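Sharing a structure below in structure tokens format, with a few things to ask.
A, B and C label the chains in the order they appear, each numbered from 1.
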Amino acid sequence: MAIITLTSDFGHRDAYAAIVKASILGLDPTISIIDISHEIEAANIAHGAFVLNSAYRNFPGNTVHIVAVDSLGGENSKIIAAEIEGHFFIGADNGLFSLISEREAENVIIIEQEIPSTFPARDSMAAAAVNLSAGALLEELGEEYSKMKKFFKRIAKANKEEIIGHVAHIDNYGNLITNIKQNDFEFLVEGKKYIIGIGREQLDYINKSTNEVEPGDCFVLFNHLGVLEIGIKNGHAAQLLGMQYDSQVWIKFS
Amino acid sequence: MAIITLTSDFGHRDAYAAIVKASILGLDPTISIIDISHEIEAANIAHGAFVLNSAYRNFPGNTVHIVAVDSLGGENSKIIAAEIEGHFFIGADNGLFSLISEREAENVIIIEQEIPSTFPARDSMAAAAVNLSAGALLEELGEEYSKMKKFFKRIAKANKEEIIGHVAHIDNYGNLITNIKQNDFEFLVEGKKYIIGIGREQLDYINKSTNEVEPGDCFVLFNHLGVLEIGIKNGHAAQLLGMQYDSQVWIKFS
Amino acid sequence: MAIITLTSDFGHRDAYAAIVKASILGLDPTISIIDISHEIEAANIAHGAFVLNSAYRNFPGNTVHIVAVDSLGGENSKIIAAEIEGHFFIGADNGLFSLISEREAENVIIIEQEIPSTFPARDSMAAAAVNLSAGALLEELGEEYSKMKKFFKRIAKANKEEIIGHVAHIDNYGNLITNIKQNDFEFLVEGKKYIIGIGREQLDYINKSTNEVEPGDCFVLFNHLGVLEIGIKNGHAAQLLGMQYDSQVWIKFS
């Protein structure tokens, strides 16, 4: 049973996600459709990329991921498909796919659209996804495309004295998920002391779990994505620490 | 694999939608259940009708649609089923079904309820939906009903000089979806100049896609439903233009 | 086709629920996954218990329910599984399972975790759920556990003169769902007159359905869960009556 996932900024008040599902099931009723999120902020590429990045590797290889974020369609808007880390992605050429992996997208193609559409997730992405999940090759779906829009992913700067990173996402609990990698930290710390700076807060520990702190206290840990995450137990860290998307978080070694 | 869709004002904080799904799967575990929306505003018939209308024709013919909006049940509340445009609809007799098509509902019946229920979506709609999706005829589910509640759908007024329409829905992006039809506009415009009025804003163009305008600018296009839609690229048109549900939108020809 | 349900405080902005689904489907792609709710308030055991309690008995016996509320994992955090009323439950040992039934949990076990995880719903609950749905016995999943955390469920006090209960949940419509049971009321009322007190409001009737009252008026009925529910037709009772979670509701007989 093939899986197609959906990630979008459609929200839940409208029928947009259901319409895409209807298109998919009309072509192949046996497909399992899994919603990754439909609450991506409208046209927020960074939010969409973070959520998709956090999720897709948990699905089986060759899973097809439809990404309808900032994908309003129209004559000049390109809908592309690409292979990244053994998964297939279909969405607008808006740079989002350049932010979900450190590897280059492979076999990028433009999906041919007969007529311009104001709803490409329904009118072209759904059919392309069903074809891919049935075993079609990317090159069968459209012309090769070498100009995929790319953004540079914000990467933490690390040297022997410090790591300077940023908040990459604030999750539903208000936890701050940074771009500071566990690997980098472990390589640099070498038994040294360190201080972690989060706004005006400074901490000198990293927890193994949130159970080590009391409700209302700050925890810092390397999470399931292998990056530094800061939270307040039973509290909303972003609000309580005055942090937002892209706020700086640093670690100084001494 | 038969499909049953759900449209409701249940929201996501409670288990109501899951309970209806449990009832359906308890009767037939092979059915695919697709959520159209559970974020219809409480008891808002117009919102429910707009969302259902925008979605149902994308599903295969004979799909069964459960509509639990303003359906609190009880002794005097009738649960009805009807056929509209080759689809089956089950819900309260509250007028919603009269707003989702220009065609008359056919074969309207009252679903028999053994005991009055405060949760008819679970207690009678689920079983009726499973029966219909298994091929039962509407007349097997209950008595014919000739008094289905009807509302008149707000229709844009059109003549050679102008079209006067209204905002029929504000979607998740804040876009204004009107009841002005592309067909009517194209029939009347005949190469004439025109001005479109949206609150204090006046525009003299219709876009083919949102790509033609810059972020922050207003776009106007005929959308995937074939009606006039107004938005602000990367902005919330309803807030920025001071428009709400039922606000007037007009087109004057000259 | 086995069913696994999910109840969590994950919300919809992140991919957490989808990641758990990916883990489940990676192990057994034929399982039907039903979301009960992902909008439980963060770490709110009472909210999670109410919603789960209202839903699970509608599913077939032996259904497996994953409950990821206040389940942040870590070294000291126990993930348990138990049988309650013929259903299987998997979640953190945080007391939630003691609030969903009047019967004792049976066969409680601790699920072995090879390494501590910050995301136990993905890393241990999903696999345990798939095993249980495939027919594994609880005792095959881990060691017996006799110290399951227990809370005392708030129960209405009833005697011949009065019943004193509380608001157990405020639903999406703003309706007040209490812990006053229809059985207790019917046993005690014996044809006597009664007054129901809800904040400053006093009523002397119980409706059979919301249809008996006009929009804007208060209805009181015994709902599909067999408990007293108070609402305002087409209004938000909690806001309009100034009631909240745990506010007192009483019935005095005379």
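As a convention for this text, a residue touches a chain if its C-beta (ideal position, glycine included) is under 8 Å from a C-beta of that chain, and two chains touch if they have at least 3 such contacts.
The model shown is predicted, which means the values in this text are computed figures rather than measured ones.
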For the copies subunit A and subunit B, give the interface type as same if over half of its residue numbers appear on both sides, and as different if under half do.
different
Can you work out the rotation angle that lays subunit A over subunit C using Cα coordinates, in steps of 5 degrees?
120
Chain-centre distance (mean CA atoms) for subunit A and subunit B, in whole Å, is 32
Which subunit B residues touch at least two other chains?
12
Which stretch or stretches of subunit C touch subunit B in the complex?
1, 3, 5, 12, 32, 34-40, 51-52, 54-55, 58-60, 169, 171-173, 207-212, 221-224, 229, 234
Interface with subunit B, subunit A side, in the complex: residues 9-16, 18-19, 21-23, 25-26, 29-30, 42-43, 72-77, 116-119, 122-123
